[in-house]
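Next up: the structures, one after another.
Shared between the two complexes below is chain A, which pairs with chain B and chain C, respectively.
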Partner chain A sequence: MPSAIPRPKYYQRRMPLTWWLERWNYTWFILRELSSAFVAYWVIITLMQIAALVGGPQSYAGFQAWMATPVMMVVNLIAFIFILFHTLSWFRLVPQAILPRIGGKRTSVVVTAAPMYVIWAVASVVVACFVLGVF
Partner chain B sequence: MARRSAESLPWSLFGAGGFVVAFLFPVHIFLFGLAIPLGSVSAPSHAALLALLRNPLTRLYLFGFCALGLLHAAHRLRFTLSDMLRLKHLDTLLGVLAYGAAVAGVVVTIALLMSVT
Partner chain C sequence: MADKITLEVARFSPERDDELRFDSYEVPLHENWMVLDALNYIKDQLDGSVTFRWSCRMGICGSCGMVVNGHERLTCETLLADYLPGPIRVEPLRNFPVVRDLVVDISDFMEKLERVKPWIIRKEGAPEPEREFLQTPEQLETYKQYSLCINCMLCYSACPVYGLDPHFIGPAASALSLRYNLDSRDQGTAQRMDVMAQHDGVWDCTVIGECSVVCPKHVDPSLAIQEYKISATKAWFKNLLMPWGGK
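Let's turn to the complex of A and B:
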């Protein structure tokens, strides 16, 4: 039986599982992407907080005591750093991807990122005022 | 007119989620995860927070906060695991697991927010 037309074999570089540790650029990329694990973590904490609030004053006191344990404080600090990393990289990259040029001119990162910081500041103050009972 | 691909819904939810996370998550983690447990700011009482939670607008806000956050995380984790651990051949499975978990989380969120009385 004649063999089928041979298909070319493409060269595939074997990459070790630690490829993302080879260069800082790769490591930063993976760390930024991993910030999403902390997003999921914080959603779960928020859902537990809502459940504790619905459960009554005692269950909410339990939630607050748990959040004040050293382990949770450390995890939350790490989560906070990762989320800040997400915020800063999102402001830098995404508006520029959406508006690569305005009026035929290449937009600078400053022009697209500056309004993001203003919105972020206003949103944070508004949320904090609601949570802390200023409104 | 641009043809819409089957991936455009996950992508737009991913993008919306990215903005929600960028604008709103830092202040939530800072307040509830660090400042309040440390006692840097006076903790709002259970009654005050429950009153806030009873407002339908707060619950709508929390729905967007949780649902878009989960979908954003699912989308990103799927591609991160696939790239980082070179699991391209498992891409579909990872997608089903990640989006499945996110949708389950959204259902839990809705049930929880509806249980507020």
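Let's turn to the complex of A and C:
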């Protein structure tokens, strides 16, 4: 007996929930988006640090003690890895989004990407010098 | 080298199937055979009911795009020998409704392509040129990369944004739209911007970049979309800040 419900004319594949695991580029994209949450976390921690600093030596010592707990050390290490990934992923993305033309010709990926890495390296060295007391 | 290889070909008959199924065929493995040659062998020698599109066999017409072992390829330029020892799974392009076997319905793409007006537009009332337009090599270079698109739709198949939100104008239509904006003979940027500077236009793109990875002509539609975003932002600011929209 023929079915009362007509068959669909076409077959439409549904995107599976795990679509982002199908290719490395998709996974990279999801991790890049996820890493934004850790950047937000870092901003909140920095604001809390400033608030503790404003609160006086006792308040700041309390903040430091909290940061030194094993749980916070692990959380901060994970956050650091994701923030590093966030930075690198956006550096990787820039030549995919902007390749300026100089004299009518497109610049190469290296010319677009290199200045970012150079500025990043110089800024890191300057910050490291401050932290290590070189300045 | 083995003398045979197995193809697992996606099948769908609207009269009896609810979803894709796979049929296996063993085909001769010749050194220079492409996946399309194997499909033609299947159709001619093994099973005449297998349905697929093809035309030029030289990577120009854009008809034979399929998903080969999970990746979008023009089957006319995909060597069988690269997939040894096999099997090779051949599926229809993703994100499009399947009409039959490896044939997808491309009407959504055609509608989007038309919407971005991929042709030279002159201002209404502009005087008729007395001779053909001339272009310098530099002017040609500005848009040439984007003009290489062959409408094969591999980029739409690889784009998860299009898969999740079919209203997205998509990579190829964006690249072709920009191609005409960058053409020195064209005066239709504002008309195209009305379509492209919308949420469903370029702003839907989240820069995953897989469209540029699968593009067989190195058009780099992802770059085109980001360039479009920059020009749309500039136009918006110009409109906001300059008296009479900077006209």
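The rule we apply is simple: the second predicted complex is superposed on the first by the 102 of 135 C-alpha atoms of A that agree within 3 Å, B and C clash if a C-alpha of one lies under 4 Å from a C-alpha of the other, contacts with A are read in each partner's own complex, and residues count from 1 in each chain.
The criterion applied here is as follows: a residue touches a chain if its C-beta (ideal position, glycine included) is under 8 Å from a C-beta of that chain, and two chains touch if they have at least 3 such contacts.
Quantities reported herein were computed from a predicted structural model and do not represent experimental measurements.
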item: Contacts of A:116 with chain B and chain C, given as first, second, both or neither; value: first
item: Chain B versus chain C as contact partner of A:13, first or second or both or neither; value: second
item: First (chain B), second (chain C), both or neither touched by A:67; value: first
item: Partner chain(s) touched by A:96 [first = chain B, second = chain C, both, neither]; value: second
item: First, second, both or neither for A:23, with chain B first and chain C second; value: second
item: Most chain A residues touched (candidates chain B, chain C); value: B
item: Where chain A meets both chain C and chain B, residue numbers; value: 15, 19-20, 33
item: Sites on chain B touched by chain A in the complex; value: 15, 17-19, 21-34, 36-38, 41-44, 46-50, 52-53, 58, 62, 65-66, 69-70, 72-77, 79-80, 83-86, 105, 108-109, 112-113, 115-117
item: Touching residues on chain A, where the partner in the complex is chain B; value: 15, 17, 19-20, 30, 33-34, 36-37, 39-40, 42-47, 49-51, 53-54, 56-57, 60-61, 64, 67-68, 72-73, 76-77, 79-80, 83-84, 86-87, 90-91, 94, 116, 119-120, 123-124, 127-128, 130-133
item: Contact footprint of chain A on chain C as seen in their complex; value: 12, 14-15, 17-20, 70, 94-95, 97-99, 105, 138, 141-142, 160, 163-164, 206-210, 212-213, 222-223, 226-227, 230
item: Chain A - residues contacting chain C, complex; value: 7-13, 15, 19-20, 22-23, 25-26, 29, 33, 93, 96-99, 101, 104-105
